[in-house]
Amino acid sequence: MTQAIATLRGRFDPSRHGALLALVVIVLFNFAVTPNFFQAQTLFVNISQVATIAIVAMGMTLVIATGGIDLSVGAIMALAGALAPLIFLSDFAAANPALGLAASILVPILVALCCGVFNGVLVSVLNVQPIVATLIFFISGRGFAQVLTNGNLQTFTNPSFSYLGTGRVLGLPFQGWLVLLIALVLFWVVTRSLFGRQVLAVGGNERAARLAGIPVHRVKIGAYVICAGLSGLAGLIVVAINSASDAARIGNLMELDAIAAAVVGGTLLQGGRAPIFGAVLGAIIIQLVKYTLLANGIADEVALIAKAGIIIAAVYLQQARKE
Amino acid sequence: MLDTTAFDLRRYLQGGGHSFGAWVALVAVILFGVLRYENFAGAYNISSFLNYNAMFIVISVGMCFVILTGGIDLSVGSVAAFTSVLAAYLSPYGLQVALPGAVLAGLAIGGLNALFIVAMRIPPFIATLATMLGAKGGALVISGAQTISIDWGSNFTKLGMENAFGLLPWTIVITAIVVVALWVVLERTSLGRTVLAVGGGEDASTMMGLGVNRAKVFVYALSGACGGLAGVFLASGFGAGQPLEGVGWELSAIASVVVGGTLLTGGMGSVGATVAGALLLGLVFNILNFENGRGVISLSAYWQMVIRGGFLFAVILLQSQLASRTKGATR
Amino acid sequence: MTDLIEMIGIEKSFAGIRALQTASLSIRPGEVHAIIGQNGAGKSTLIKILTGVYRRDAGEVRMNGAPLAISTPREAQDAGIATIYQELSLVPLRSVTENVVMGYEPRTRLGLIDWKAAHARTREILARFGVEIDVTRQLGSYSTAIQQLVAIARAVSLDARLVIMDEATSSLDDQEIATLFSVVRSLKAAGVAVIYISHFLNELYQVCDRVTIMRDGRSVATHEVAQTTKLGLVSEMLGRDAGEIEAAGLTALSGGHGDPGEVLLEARGMRSKTGLRDTSFSIRKREIVGLGGLLGSGRTEAARAVFGLDPLAEGEVRHHSGAPVDTPAQAIALGMGFLTEDRKADGIIPHMSVRENITLALLPRLTRMGMVDRERERKLVAHYIEALQIKTSGMEQPIRELSGGNQQKVLLARWLALEPEILILDEPTRGVDVGAKFEIQSIIRKQVAEGLAVLLISSEFEELVEGADRIVVLQDGRSVSELQNPGVTEGALINAIAHHHERSAA
Amino acid sequence: ETPPLEQKDRYKVGFAQMESNNPWRIAETKSFHDTAEACNWDLIATDAAGSAAKQVADVDSMIAQGIDVLFLPPREEKPLIPAVMKAKAAGIPTFLVDRSVDPNVAQAGEHFVAFLGSDFIDQGKRAAEWLIENFEGEKGVIVELEGTTGSSPANDRKKGFDDRIAEDGRFEIVASQTGDFARDLGRQVMETLLQAHPDVNVVYAHNDEMAIGAIQALELAGRKPGEDVTIVSIDGTRDALQAIIDGKMGVTVESSPFFGPLACEVMNKYAAGEEIPGWVQVQDRIFTIENAAEHIDEAY
């Protein structure tokens, strides 16, 4: 355990200090200003709201580490989110509730993974530039989801499915634990596993990576697949919390939040680095900014400007420390 | 060895990128439309189509310069929204005030982007994401979250609603001038070549003694100004300053640039092909509307999204096929 | 006479690591001044401080006696200093012409760029170096050597008072080096000073007037070249006794020529889009096979094809196991390694540490159930840093911070760590100092004695002639003849290349 | 002086929808499609994906295709004026649906035939009135969930409600934030505002989707919507009526999306030469516990 902490500390990325500092500032500000900030319920609310951004941001971090970017995360969330109720509201699921529930979680994630394969193949094998490759799904993915549901909102009551979004374990929201679990696994993958090293190598210098025998295509596809899978999961969580699925809205603008979280957390957009906990930290910062502005009654238009300023400040801090 | 003085159409159109695909697809799509739909090639459709797409052409060309340096500008849509509001406020003083005023405001926001990126070394994606939020917020604040009426009595509406010399809308004429001017800048000036060099290798360009920072400031300011011009078109052609417009414009501009064969990593690309890309993406909407009008199949809005994605996919595939066949020839 | 450039007491640290301490340099107008020193001695850093790429921590720079304040490369150029940096600083995506004229484009009366004039000027400048190519094509589509010549052409065309060449000859062959020297002499005749950095000591005696020797970030001495001996220079560079060095010798590839074993790899009638027309050769166990030829003869292309990087249109590559070699991953799995000539583009992963760079290709073998065995990894890396004497502040230092020669050693370690059966070395000692070159060569020779088969590509005829057991001569993508060691001399090799060249030209 | 419409067997009808990202719009489009059959229309329906400028361009492409009649729900009051003007210039009679355009520039009977629809300000006002009548507590602490910032229904529903509620001293609006007309955002905003203002006992949402989101937020926080918090909203969706039946929601003011039949009727009258009033008002009902169960089957 102490060794784990030691390695954690050893791994600690100096460029993340900027983000940490930003976090501390925001939290202190909230203590001083925001009413009822120091309450367990505040923590729960923020954990449950940050979970989806954090999960997608971690996947995004992997994709960015290969030198790519994924704009399709929101659309994939919508697709997965639209599929799940379709499945557990079907006659099949009515007949076999347990099987139906399992299918309504597995099938959407599988479909999301397939979207990831599509993105990855486009980027790696067909050599399409990532922004454009993923723009294809960005445009059409949500359309698919709406075609599937005929554009209708699907509402349901299904307590076991809703557990994904509303359950509590040891008093903390279930999706918070999920974030922690995913972060630990991905952290291990990035720092310890072969795949992680290969991702960083491909992002660092693709030609050299290929010459060193790294299966570049497979590694890139892998990153997009993981990102898509996590997006699918995030889509399910959104649907579970709301007990409703609205294909037009799920994951709207998620790509920007996720990318911003990754970058605020210390990811370099040109690739070669994948600070997983940084991405979580970035997501928390973005969530807290949102919370702070809302809770203090800042008008939406002013909040936009404030958010702009905070993003610039957080990234600048991090940038300045790196020099 | 190639004789470079001879006129080589392909090389001319490509302007050095992998842009042939955009032109091929554009011709194909236009032929498809003309053959399939009545009135598609009618004067009304052509002029209204171009009038609407002038905004996108202008921001796409600005975006092209940014992308050529290896950067990106996500703020263009918000800038257009912001400047449309400003132009609406200035419209009582006439076009001669509103047009330069809004373009200068766009230029200033572009300058802010440049400040973040060049002086504060914030990655372009993040810097322009922030100005995207900021400009949108600004637009809502100065407009009081309302659309702002333009002065219908002044000459401001002439720009977006009247034809130049009774032929083409003024917006198209201005767009054409901007495109040609920027084409000259890119192909025939030192600044333009520096833009390309910066995208091809920033460190190398610095070491070659090129004005890297100057080029970057130039492209972001230019992109901002183009956003400003688009804002003027928006206000003048669509009757109001609209703080809520511009959502997703940055992505269609990026798509236009890329469909035009420009490398997103920078260093290679062309203004002309970007225009082709913008027209191509605009035509998809136009064709979908005509297809719905034929009444054989009625495509829901959702299918339209799927088809647009599929179309982009097809063009990109065509692009990569042609790109692998034509080996990059440049200047 | 005042010195053109005077650098006194220059200091520079990177993140706490001293690169320069009390370095100094003085250049007289119109002289050719060499700087030599081991890898990491600080030569490139000193140059970059002079040209404004880096800011100095302390010290003074004067030009013609007046203090010189330069903070960007542009200002250096404006002050009359043209530089060819060690890491090629060109834009491969743009055309040859643009790379030559960029920033100084000829204009028409309207103030726009006159491309016709620009192309003509570029062709003319390149012609001085015997290069006749399509200048409108992307620079990146040409070989490293051509790119280096373009960089030189650009620098020379800038009308400078001082031209700096940081290892400008490292990818050139004898003929081009000779051309370069004639250009250097004409620059000198025109009163232009030249700073010449090179690891080839022989070259100094051909063109240089004076030489400054650097060691560990210090300038240890400046001599008139005529008054030095090669041995003396080496001993000052290494800081070791001359006698000791003499005993060891300077080229270590020779020796061997022993009994090669069975054929491990055979290339038959290779033809490819990249320029191979009919290339055949075989590599046997315990043997170094050299590929000889002029620039553009297809040596690199042959190596790439053998390693499964470029698809063959015709012909085949047969590995003794019978397995196909279609991708680098397959080649590596079959026990092959490929040290490429372009270290920056094809070799290093700049952000990654020395450790991660060394184990990059080996990683699958250090992995158990998807997890990297870090203990073994560290031991292995420590071993190679020690064995190749890589100068680094530790195995976690990012490779981009290493000097060029040390980066090269890291890449060699990457392949040696695989304990390969067949190793392809494309210009393995490019940019490597004499000491390290000796080390690298002796390591290779030792491995060959233990059974390694090597395909060696080198523009340095000496290395090829002394090192290879057999030399396959390439000409326009065809293997035209084969020379067998012992018995090959540089003259014989040049003859073989030239002979066929004339015949094909006729 | 609007262009006349000749009587024909079949009409080529344009319907330029503004967006399809919420149930209300989807129901409206569907209503036009359903009517097309019965009313002998060849319907060209477009979707502007939320952009006023694209909506103008869509109208342009319809004019190019030679439609006989245009039905236009203008996304914004002012930006759609050019579309109205262009249709008139092309001799196409235009009917505005569910939202109108700036009356200072374009008038019914002059530039367009008529506006069919209700009044957003009035909807907000009626929600306020219901609250004033039915609120039993001493002090009403209100959280307002606004629609998309800057959109006209959001602005109008806010104005109608805020102005009316200000007349009653018992009420105070402690927070008013945008939930973008969406359920998920409505929930998130409510969760946050509930933390900052735990004493909330009234929620006014600009549409039912956000109201449902708010109910979920309240339930997750252990509050009892309908009992300790009164929910007031606008639209009349099926989910909202169900919530009313379940006792979780107080009222929803109807804003019906079913414009197809009305559009057909008004158009036929116009073609027949009848006088059409400038504003064909739609009577919005109000759904409460008294009548929700009766109407839930008609809801969308």
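The first chain written gets the first letter, and so on, giving A, B, C and D; residue counts start at 1 in each chain.
As a working rule, a contact is a pair of C-beta atoms (placed from the backbone, for glycine too) under 8 Å apart; a residue touches a chain by one contact, two chains touch by 3 or more.
Please read these numbers as outputs of a predicted model, since none were measured by experiment.
Visitor: Centre to centre, using CA atoms, which chain is the farthest one from subunit B?
Guide: C
Visitor: In whole angstrom, what separates the CA-based centres of subunit B and subunit D?
Guide: Each chain's C-alpha centroid was found; their separation is 34 Å.
Visitor: Roughly how far is subunit A from subunit C, going centre to centre by Cα mean, in whole Å?
Guide: Their C-alpha centroids are separated by 44 Å.
Visitor: Which parts of subunit D, given as residue numbers and ranges, touch two or more other chains?
Guide: 20, 149-150, in rising order.
Visitor: Which parts of subunit A, given as residue numbers and ranges, touch two or more other chains?
Guide: 146, 151, 268, 300-301
Visitor: Mark out which residues of subunit C touch at least two other chains, giving numbers and ranges.
Guide: Expected reply: no residues.
Visitor: Would you please name all pairs of chains that touch?
Guide: A-B, A-C, A-D, B-C, B-D
Visitor: Which stretch or stretches of subunit A touch subunit B in the complex?
Guide: My answer: residues 71, 122, 126-133, 135-144, 146-147, 151, 256, 259-260, 263-264, 268-269, 300-309, 311-312, 315-316, 319.
Visitor: With touch defined as at the start, can you tell me which subunit C residues reach subunit A in the complex?
Guide: For subunit C paired with subunit A, touching residues are 307, 309, 328-329, 331-333, 338, 340, 345-352, 356, 360-361, 363-364, 367, 370-372, 374, 414.
Visitor: Give the list of subunit A residues in touch with subunit D in this complex.
Guide: Those in contact with subunit D are residues 34-37, 39, 41-42, 45, 48-49, 146, 151-153, 155, 166, 238, 241-244, 246, 248-250, 252, 290-291, 294-297, 300-301.
Visitor: Mind pulling up the subunit B residues that touch subunit C in the complex?
Guide: 1-2, 4-5, 16, 184, 187-190, 193-194, 196-197, 199-201, 203-211, 263, 267-268, 327-331
Visitor: Within the complex, which stretch of subunit B touches subunit D?
Guide: So the residues of subunit B in touch with subunit D come to 37-40, 42, 44-45, 48-49, 52, 55, 140, 143, 145-150, 152, 160-161, 234, 237-240, 242-245, 247, 285-286, 289-290, 292-293, 295, 298, 300-302, 304.
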